[in-house]
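Some structures are shown below for you to check.
In the two complexes below, chain A is the common chain; its partner is chain B in one and chain C in the other.
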Partner chain A sequence: MTKILLEDLTKIYEGGTVALEDFNLEIESGAFISLLGPSGCGKTTTLKLIAGLLDPTKGRILFDGEDVTYTLPQQRGVGLVFQDYAVFPHMTGYENISYGLKVRKLSKKEIRDRVIEVANLLEIGDILDKKPREMNISELQRVSLARTLVIKPKVLLLDEPLSNLDASLRVRTRIELKKLQRILKQTIIYVTHDQVEALTLSDKVAVMSMGKLQQYDTPKNIFLKPKNKFVAGFIGSPPMNLIPCSVIQKDESLMMDANTFKIDVTELKDVLNDYVNKEVTIGIRPQDITPSLKGGIFKAKVYSVEHIGMENIITAKADDIMIKSIAQKDFIPNLDEELWFKFEINKLYIFDKEGERIWRS
Partner chain B sequence: MEKLKLENISKSFGKKIVLDDINLSVFDKEFFCITGRLGAGKTTLLRIIAGLETPSSGNVYLDGEVINYVDPKDRRISMFFENLALYPNKTGFENIAFPLRIKKLPEDEIKKRVYEISELLNIKYLLDRLPRTFSGGEAQRVALARALVRDAKIYLLDEPLSNIDALLRIQARAEFRRLQRYLGKTFIYTTHDPIEALAVGDRVCVMREGKVLQIDKPNLLYDKPKDRYVAAFVGNPPMNFITCVLCQEDGTLYLSHDKFRLDVTKFKEAISDLIDREVDVGIRPEYIEVSKGRIEKGIGTKVLSTEYLGDKLILYLGLNDLIIRAIGNPELTYSMDEEVWIRFSSEKIHILDKKTEKVLV
Partner chain C sequence: MKRVSLEKPKIGIHLYVILILVLIIAIFPIYWLTITSFKPKAEWIASPPYWFPNSPTLIDYYVLFFSDPSATAQVGAAFIAFKPATKSFLDSAIVAGLGTALAVFAGMLAAFAVSRHGFGGNTFLVLVLMLRMAPPIVAVIPLIVFYSFIGFTDTYHGLLLVYATFSMPYAVWIIKGLIDEVPRELEESARLDGLTPLQAHFKVTWPLIRGGVLATALFLLILNWSEYLFALMLTRGNVITLPVQMTIYQTYAGVLYGPQAALAILAVIPLVIFGIVIRRFLARGLTFGAVKG
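What follows is the complex of A and B.
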């Protein structure tokens, strides 16, 4: 049970890459939170700073109010599981998992019990005698996860611990992790680029981009009330379509002009009055766009069709914008065929030039 | 036209049979996708095609000729591995250019190709940097570029998107399809994510423990799985299976369960052998109608847990001691232990022989 506070945390690597910039985050004791963001946005860097494997360029890290920014890693009570699994190649699975307990001088029996317990949880009970070179990637990843879980650290940092597991094992391990956390009451920071994992597992999600925090909120708010264009365009499967537009006034009516199409948005006058003749971005979820053979708001050419089982994802191109929409599974257009697309005004999100959301219904 | 053919391919490591009599053909310019759980034999199959592994028996044909004994480097097959290492002391550019340098291509041709593929994979900013400064996903994209930049007869891609972040993965899916069309080359692609397989493949091959279970177009694989394993594996959330007894009464056939009864007379021909026996009814979550209030012919169930995914809400419902997965309305709140009613039509079900696990309807 540890409450973690990150204050203005900044990390600039040699060579000048700003991996993390003025990052502020408050993680409640016992919470399960996720750091979610695209490759290179600074997730691993954040974990390394919390674990003490890197020194920040600026800023502070507090555990339960105590400044641990420069405390040695082994004194922080933090367990870290990396995305590139770390195991000792010359030791068996069992020796690898029990290593941390041996160092802590636990009794043989207790070591055995705890190793068996996590091994069962992660379904690696039958490879404990194997050496790492005889294991496949997923087994290696689970052994490395078990090594850390077995120590029961107060703060658990997980860097894409499930990325190499196959889909069904990932779902099960996810549920187990959640259960485990309820029992052990650790504070867990979970790094992932997979929004499904972040949304289903965590109490709160911190969405990051280019070293900056974009939004820190509950899964529901992240989806329904994205703070800015980045979050909107990152969350959802597929994520929200973002289309640059300008707001124009014609007599009494207000129009949104996206080159490819114009829509009447007079009903949003109150919101948009200040934006006349300015650039904005509209956002619309693929689930809210309906493709059809005739009639709609704009026309676009089919770029690719993906059959994903219960529905089809249709990507279409109109001038230089790509639009994704969800269609019924029996709606299968040809490549390069021209289709109509429509959506309702009250499904729109609108973002200003800086990317901040200014409206949603 | 047939590009590649595998004939009775088997492979054992010691006593372990990893591939068991595989027969399949991949057509010219086809996007062929292999999916299966970990250890199914996907990587081993690709390694045999590439010539990195010798089959214990069987033949590999490329353009109609047996290539079992052709040296890997003379096969003109390009392969991307899931755990491929980059050259640490070469820049991103030189890593990608490497296979072209071996072929002694002129400098401007090399430049052109490297830039083209880097543009496509969004990695231009990495070209001057060294691999140790790459994040996990960045390294994988550079490795992928190195495999695609070569001119080859077949591209073998082993889990190319597994470490790439989710957003890019969804974009990359559509791009991959487009890229393959554009290159006009044959792709054989593996993934343990069956939805990704449906999304990219012209045809999808499902493997289990070294055997091929089914090869079909994505929509057929989803709508007409041949056996229980494929039915359960392909689809997310997976299909539900409910055990019922098939009964006959005055010329009508119906499925009997202590909570419901479903007329299936119209499937008589396919299932008449199973009268008075237990059968499994397969029903996909999206075909289950869920209601908070009592509905006619509705089956009462209890909410066990929910998973919020933004546009969808997955419900886990208790029906006796079975867990049924269904899709709920994400705008509603379902509380633990709340009673909800479900219903489904006989149009949407599959009926499986419990013994052979074959899908009959």
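What follows is the complex of A and C.
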């Protein structure tokens, strides 16, 4: 159990790629947190910095208040399960799992006991004699996890451990991981670009983009109170509609002008007074937009209809903006049909020009 | 991953004919060398040629190793100073063998530096290869002068260093390619277990690239084993490598084809043995446990 603090962590690779910039994160002891973000946003880099495999360009890493920024990897008590598993191809499952213990010069008996223990936990007792090339993806993934767990790290770093698994296996393994965490009680940092994984598994989610932390909060808050436009557009499926608007004043009333439609937002006067004649972005989740045959806030032409079980995702086009909405499964409009769409003002999110959220109900 | 076809490829009869022709052309010099090495002097360049030794003899081999006036007279070598071929095998083994070993070892360290530690980048790699861009003759003249200053002429270490230097660029390039194939994460994973970067190179990556490195060594050994120009220009009798020894049998009374053929046959044997020894490392296919999502 270790409390981790990242302070102004910055990593610039040779060649000038800024993989991580002024990254601050506080991870409570024993917490399960996720790093969530699109490909290339610096997730793996963050893990390697915490593990000590990379030196930061700037910033500090603290474990329980102690500065470990330049401590050797093996002295940090950190285990890392690599994105591509990094199982030694020339060793059997047993040799792979016992490797770390052998390097640490444990007795033969103790090594055996611990390998068996972790192999039982992960249910891979029967593949210990296999070479990696004879294992399937799920077995490789477990051997990789076992390799790391067997050294009993205080901090467990998991780099997209499920991304190579197929969908059903992924769901199963996800549940097992959650169970595992309750047994192990380690501090876990879990990297993924799958929001469902992040939101279902973790106590807190750190959303990242282009090397910067966008928001660090509970899954619930990440969804309900996105701090900025990036988080709003990244979380949720289908993603939130983001529509550029300008705020205009007409006599006593305030209007939001999105070219194709105008909405009266006089009731938000207190919030929007400073934004008159300025550009803002409104966000509205597809779940909160209702399509109908007549009556609504704006009209748009149906562009595509996707059937997903109990619901249909209707994408419609009004001038140059695309809007996604969700309808019941028996509401099936024709392509190019003109539909009305409506939503309630109190479902809106409003972001300023820089993308920061300035309002939600 | 390569797709393996279960069906045997169907080869037409024409293809067989062509393959056999190519094979004959490729094997013919070796065949000719072999029969010549068993021919008495009269048959070496008889016209019409003998396709098989008429009266096979071992005398061509014998005169390579033994200073026997009656035997040397039979092959016409009485005119020249006798130098036993044993020494040239030993000398070649020393300069080509150690030179290659040095090139491969130092080249591998350089390759790790480039591949794993970002050393020098592409500039370094191109610079290294530039050593091989000019023909060796360009380097020979200054080397002769330089070597005579520092007393390296006609020494084992002198020639050995030249061989190591001139084959190292190949070693760096080929081995860098091998290392690049091994996921860096394997070493990083071992580093978390407490290995130093250097230990990780040798305990984790080395077993995986061993086959390729040995193949590189064989390739460079063949180059150095048959190197002639540097050996000729930088030695004067203290060190005699096999290609230089070969010239001993070109006397002013004619070329002794039989002993030359015999020496050539014997010179190939060590390379063949080395090739067979490392074959089991080459054949072992490697699939890395790491998978890309």
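Here is the rule we use: the second predicted complex is superposed on the first by the 329 of 361 C-alpha atoms of A that agree within 3 Å, B and C clash if a C-alpha of one lies under 4 Å from a C-alpha of the other, contacts with A are read in each partner's own complex, and residues count from 1 in each chain.
We take it that a contact is a pair of C-beta atoms (placed from the backbone, for glycine too) under 8 Å apart; a residue touches a chain by one contact, two chains touch by 3 or more.
The structure displayed is predicted, hence computed values, not measured ones.
Participant: Clash or fit: chain B against chain C, after overlaying the two structures on chain A?
Facilitator: Here chain B and chain C can both sit on chain A without a clash.
Participant: For A:Pro73, using the defined touch cut-off, is the partner it touches chain B, chain C, both, or neither? Pick first, second, both or neither.
Facilitator: In the superposed model, A:Pro73 contacts chain C only, not chain B.
Participant: For A:Glu160, decide between first (touching chain B), second (touching chain C), both and neither.
Facilitator: Once the two structures are laid over each other on A, A:Glu160 reaches both partners.
Participant: Now for A:Tyr275: first (chain B), second (chain C), both, or neither, which partner does it touch?
Facilitator: Neither partner.
Participant: Pick one for A:Ser304: touches chain B only (first), chain C only (second), both, or neither.
Facilitator: first
Participant: Classify the contacts of A:Lys329 with the two partner chains as first (chain B alone), second (chain C alone), both, or neither.
Facilitator: Touch status of A:Lys329: first partner only.
Participant: Just chain B (first), just chain C (second), both, or neither: which does A:Val103 touch?
Facilitator: Only chain C is touched by A:Val103; chain B is not.
Participant: From the CA centre of chain A, what is the angle out to the CA centres of chain B and chain C, nearest 10°?
Facilitator: Superposed on A, the angle at chain A reads 80 degrees.
Participant: With the two complexes superposed on chain A, say which partner A:Thr200 touches: chain B (first), chain C (second), both, or neither.
Facilitator: In the superposed model, A:Thr200 contacts chain B only, not chain C.
Participant: Figure out whether A:Ser39 sits in contact with chain B (first) or chain C (second), or with both, or with neither.
Facilitator: The first partner, chain B, only.
Participant: Name the contact category of A:Phe23: first (chain B only), second (chain C only), both, or neither.
Facilitator: neither
Participant: May I ask you to name which of chain B and chain C touches more residues of chain A?
Facilitator: B
Participant: Using only C-alpha atoms, work out how near chain B sits to chain C after the chain A superposition, in angstrom.
Facilitator: Between chain B and chain C, the shortest C-alpha distance works out to 5 Å.
Participant: Touching chain B in one complex and chain C in the other: list those residues of chain A.
Facilitator: 83-84, 137, 160, 163-164
Participant: In the complex of these two chains, what residues of chain B are touching chain A?
Facilitator: Per the touch definition, chain B meets chain A at residues 37-39, 82-83, 133, 135-138, 141, 162-168, 170, 173-174, 177-178, 181, 192-195, 198-200, 218-219, 222, 233-236, 238, 284, 286, 307-311.
Participant: Using the touch definition from the top, list the residues of chain C that touch chain A in their complex.
Facilitator: Within the complex, chain C touches chain A at residues 118, 183, 185-186, 188-195, 204, 207-208, 286-293.
Participant: Within their complex, state which residues of chain A touch chain C.
Facilitator: Chain A reaches chain C through residues 14, 48, 51-53, 73-74, 78-80, 82-90, 99-100, 103-104, 132-133, 135, 137, 140, 147, 151, 160, 163-164.
Participant: Would you pull the chain A residues touching chain B in the complex into a rising list?
Facilitator: Touching chain B: residues 13, 15, 17, 37-40, 44, 83-84, 136-138, 160, 163-169, 193-196, 199-200, 219-220, 222-224, 233-239, 285, 287, 303-304, 306-310, 313, 315, 329, 332, 335 of chain A.
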